[in-house]
Amino acid sequence: MDQRILIATRVVQELQPGNLVNLGIGLPTLVANHLPPGLEVYFQSENGIIGMGPVPEEGMEEPDLTDAGGGYVSALPGATSIDSAMSFGLIRGGHLDVTVLGGLQVDEAGHLANWMVPGKMVPGMGGAMDLVCGARRVIVAMTHTARGTPKIVPECTLPLTSVRRVDLVVTELAVIEPTEQGLVLKEIAPNVTVDEVLANTSARLLVPDQVPTMQLPG
Amino acid sequence: MDQRILIATRVVQELQPGNLVNLGIGLPTLVANHLPPGLEVYFQSENGIIGMGPVPEEGMEEPDLTDAGGGYVSALPGATSIDSAMSFGLIRGGHLDVTVLGGLQVDEAGHLANWMVPGKMVPGMGGAMDLVCGARRVIVAMTHTARGTPKIVPECTLPLTSVRRVDLVVTELAVIEPTEQGLVLKEIAPNVTVDEVLANTSARLLVPDQVPTMQLPG
Amino acid sequence: MKGIRLEAAVDLIPEGASLMIGGFMAVGTPERLMDELVRQHRGGLTVIANDTARPGVGIGKLIDARLVRRLIVSHIGTNPETQRQMLADELEVELVPQGTLAERVRAGGFGLGGVLTATGIGTSVEHGKQSLEIDGRRFLVELPLRADFALIRGKRCDHKGNLDYSLTARNFNPLMALAADTVIAEAASIVPVGVIPPDEVSTPGVVVDYVVQRN
Amino acid sequence: MKGIRLEAAVDLIPEGASLMIGGFMAVGTPERLMDELVRQHRGGLTVIANDTARPGVGIGKLIDARLVRRLIVSHIGTNPETQRQMLADELEVELVPQGTLAERVRAGGFGLGGVLTATGIGTSVEHGKQSLEIDGRRFLVELPLRADFALIRGKRCDHKGNLDYSLTARNFNPLMALAADTVIAEAASIVPVGVIPPDEVSTPGVVVDYVVQRN
């Protein structure tokens, strides 16, 4: 299985029926493509829609209907348009059940850095700071390392997105839960060992006696 | 001329074409009935409409279309519904050109008291505090005295509605402009003398050499 | 979002609950929920609303039945019974300027810690409140309001709970729809999904917990 | 509200003006006004917007033409030219979390002295800002934004200037429509008064100063 698809497939298992969900740009958007049949969730796109649907077929694109990356999307029956204040009112006010975001670093405190690399890449935080601050549940979906460098670190060296502890980190190697005590290794990917996870992680991981393997659909 | 109609007729002269205007409950509502032909202003009612029109003919009342007193109104072509936050955003944000409010007392500082009489009448401030604080121009339309007791006083004894200096006071006897220097007598009503105004006013009035008489339509 | 019978909806509300109730002089107030609160005699309530309308109408029904212990409103002048209960110390009333009330409810629903407004500066509204000076101008720090339940009324409600509103019956309803733990909506009609186009929905169904069955 | 020719609309805007510009990745951005600003080469601008889209598109056109001196936005990651100008110190950029940006613009238009938000607490966004502790939780005091002009785009505009919006082209437009001294609107179509029902108007015509003629 493609590593990005593995991550998306595992993240999907965290969604509950009826959830209002916001997916960050990049890897997290894949989550929408891997919902099991019958699981109805509502995707919010912070540029102003609840009930975002898949990319429309060619020729049916509407220039006034896009996702937060500016790509054409569709809208499901019952979709609603919202302005930017309402969009972030839903996010900040605790109405958003889950946000799935990409990450540059996550540290032992569960802090996420995902919006800039000083001197190199300054895209801006967009909606990320509000999302991490306000969503009921924050899931970080990211590759475990960047060109071999661990992204799960003792303490973020990049500027933080928020001081709120994120709820779950899903990578192609593991599922990790930040807790009061530190980062707990909850699951490992199929065909991956605990030692491989540890070798690719510079943060201290709390490893239970039994670490189950991710249960992914065939 | 009925004294209340005299006041309303004089207040109307303060309205400019295209103004967004809010009329308080009671005497100020009469202003809407005395617009000269061709003067187009927009009446906002703070319960949620811009473009409020006159009372509809019998049988055409709509229970969901009322003024702030709960009385049936109509809506003019181009009217818009707004929620309470937007309604007061327009008021507080300086978008409302004129508010016309009733008054219990106005003092030499131009302060208005119009929302309670401690121990006797505690209706609540409703929208009055936001209106006085936020409207570009605040006009107080009230009778000059209450059962013989002056309402234009050295200093309000009733709780203030705002510390913003109101812009104009119109009574059945006079037009008075609160200024940095104090209350200036700008006009007197037809068949009223300056001495009569002074006799019915306990505040100090600044009286110019010439005080013109209100020019009212026949 | 679930449909719910009127009786069951009020069954959810315990004695002493805090309720935000939409409407302005009863226009836009969910009248069937008011009647059922009275029928089930659910007392000790805290009510956050614009006003208490008149005796026998809208929130006035709750006042008549003495179900309300505490009121946070902008105006009670139209309901002599509310004034009587307040002056007799049977009812605790906090008066809030209407625009400030709207912002406090919105802040509660939008996750803001509060808003700064000049409304009320130099008046009795200022008592007990923090103020901040910004660029030489003083503002009151007004804190968010939230409630256990929001009882709202819409014009149309679709099968996903999306709501729109009618003329001056809109008022506080869309603001309160975000500011309570449980949101119960009445609507003048229930329509199939898609009847209310995306651009005309004022309250998204995702924030509505229950829609009261039509009778 | 007055109709105005495109050239005359941009004529109103002096060098160095501050502009709020609606749109999100150019969706909902008044594209004809962007083109005309470039054609008349109106420079030294301060732009308040969500983003600068991409080169050649929306606000990206103003960046390409180097008309912008100062930017207040939430995101510039999609426009490498904006990043280049920023890193070369040709362009001053203030990055604001998107939800905070929306509230600051709204506060500017709604006459609030500011809002309190937890967003940004403990991050670099906090630098230089006042914070308040309320019930043991810390919030940043975020101040209002206003501009000389708001350039917005609607779906339909009636002859009184009432506007509605289309799907995700709504975004910051209705907020900015209240937060500038002069509001200039483009619309996809101009319709007779009454075509947009009262309940469907998002921006009341009373706040719109000019509507750009259709071509």
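To keep things simple, chains are lettered A, B, C and D as they appear, and every chain counts its residues starting from 1.
The rule we apply is simple: a contact is a pair of C-beta atoms (placed from the backbone, for glycine too) under 8 Å apart; a residue touches a chain by one contact, two chains touch by 3 or more.
Fair warning: this is a prediction, and the values are worked out from it, not measured in the lab.
**Student:** By the contact definition above, name the pair with the higher C-beta contact count: A-C or A-D.
**Tutor:** Answer by contact count: A-D.
**Student:** Using mean Cα positions as chain centres, tell me which chain lies farthest from chain C.
**Tutor:** Farthest from chain C by mean C-alpha position: A.
**Student:** Would you kindly tell me how far, in whole Å, the mean C-alpha position of chain D lies from that of chain B?
**Tutor:** 35
**Student:** What whole-Å value do you get for the distance between chain A and chain D if each is reduced to the mean of its CA atoms?
**Tutor:** About 29 Å separates the centre of chain A from that of chain D.
**Student:** Roughly how many whole angstrom separate the Cα centroids of chain C and chain D?
**Tutor:** Chain centroid spacing, chain C to chain D, equals 32 Å.
**Student:** Residues of chain D that contact two or more other chains, please.
**Tutor:** Each of 103, 106, 110-112, 117-118, 155, 165-167, 170, 198-199 in chain D touches at least two other chains.
**Student:** What are the residue numbers in chain A that touch two or more other chains?
**Tutor:** 49, 75, 81-82, 85, 88-89, 91-92, 134
**Student:** Would you mind giving me the full set of chain pairs in touch?
**Tutor:** A-C, A-D, B-C, B-D, C-D
**Student:** Tell me, which parts of chain B touch chain C in their complex?
**Tutor:** Touch residues, chain B against chain C: 45-49, 62-66, 68-70, 75, 81-85, 87-89, 91-92, 121-130, 133-134, 159-163.
**Student:** Can you list the residues on chain C that touch chain A in the complex?
**Tutor:** My answer: residues 1, 106, 108-112, 158-160, 162, 178, 193-194, 198-199, 201, 204-207.
**Student:** What residues on chain C touch chain D, complex-wise?
**Tutor:** Those residues of chain C that touch chain D are 103, 107, 110-118, 130, 132, 134, 137, 139, 141, 143, 155, 164-167, 170, 198-200.
**Student:** So in the complex, which bits of chain A are touching chain C?
**Tutor:** Chain A residues touching chain C: 18, 20, 42, 49-51, 75, 77-82, 85, 88-95, 134.
**Student:** Sort out for me which residues of chain D touch chain A in the complex.
**Tutor:** Residue list for chain D touching chain A: 24-28, 50-51, 53-54, 73-78, 83, 86-87, 93, 95, 97-103, 106, 117-125, 155, 165-175, 202.
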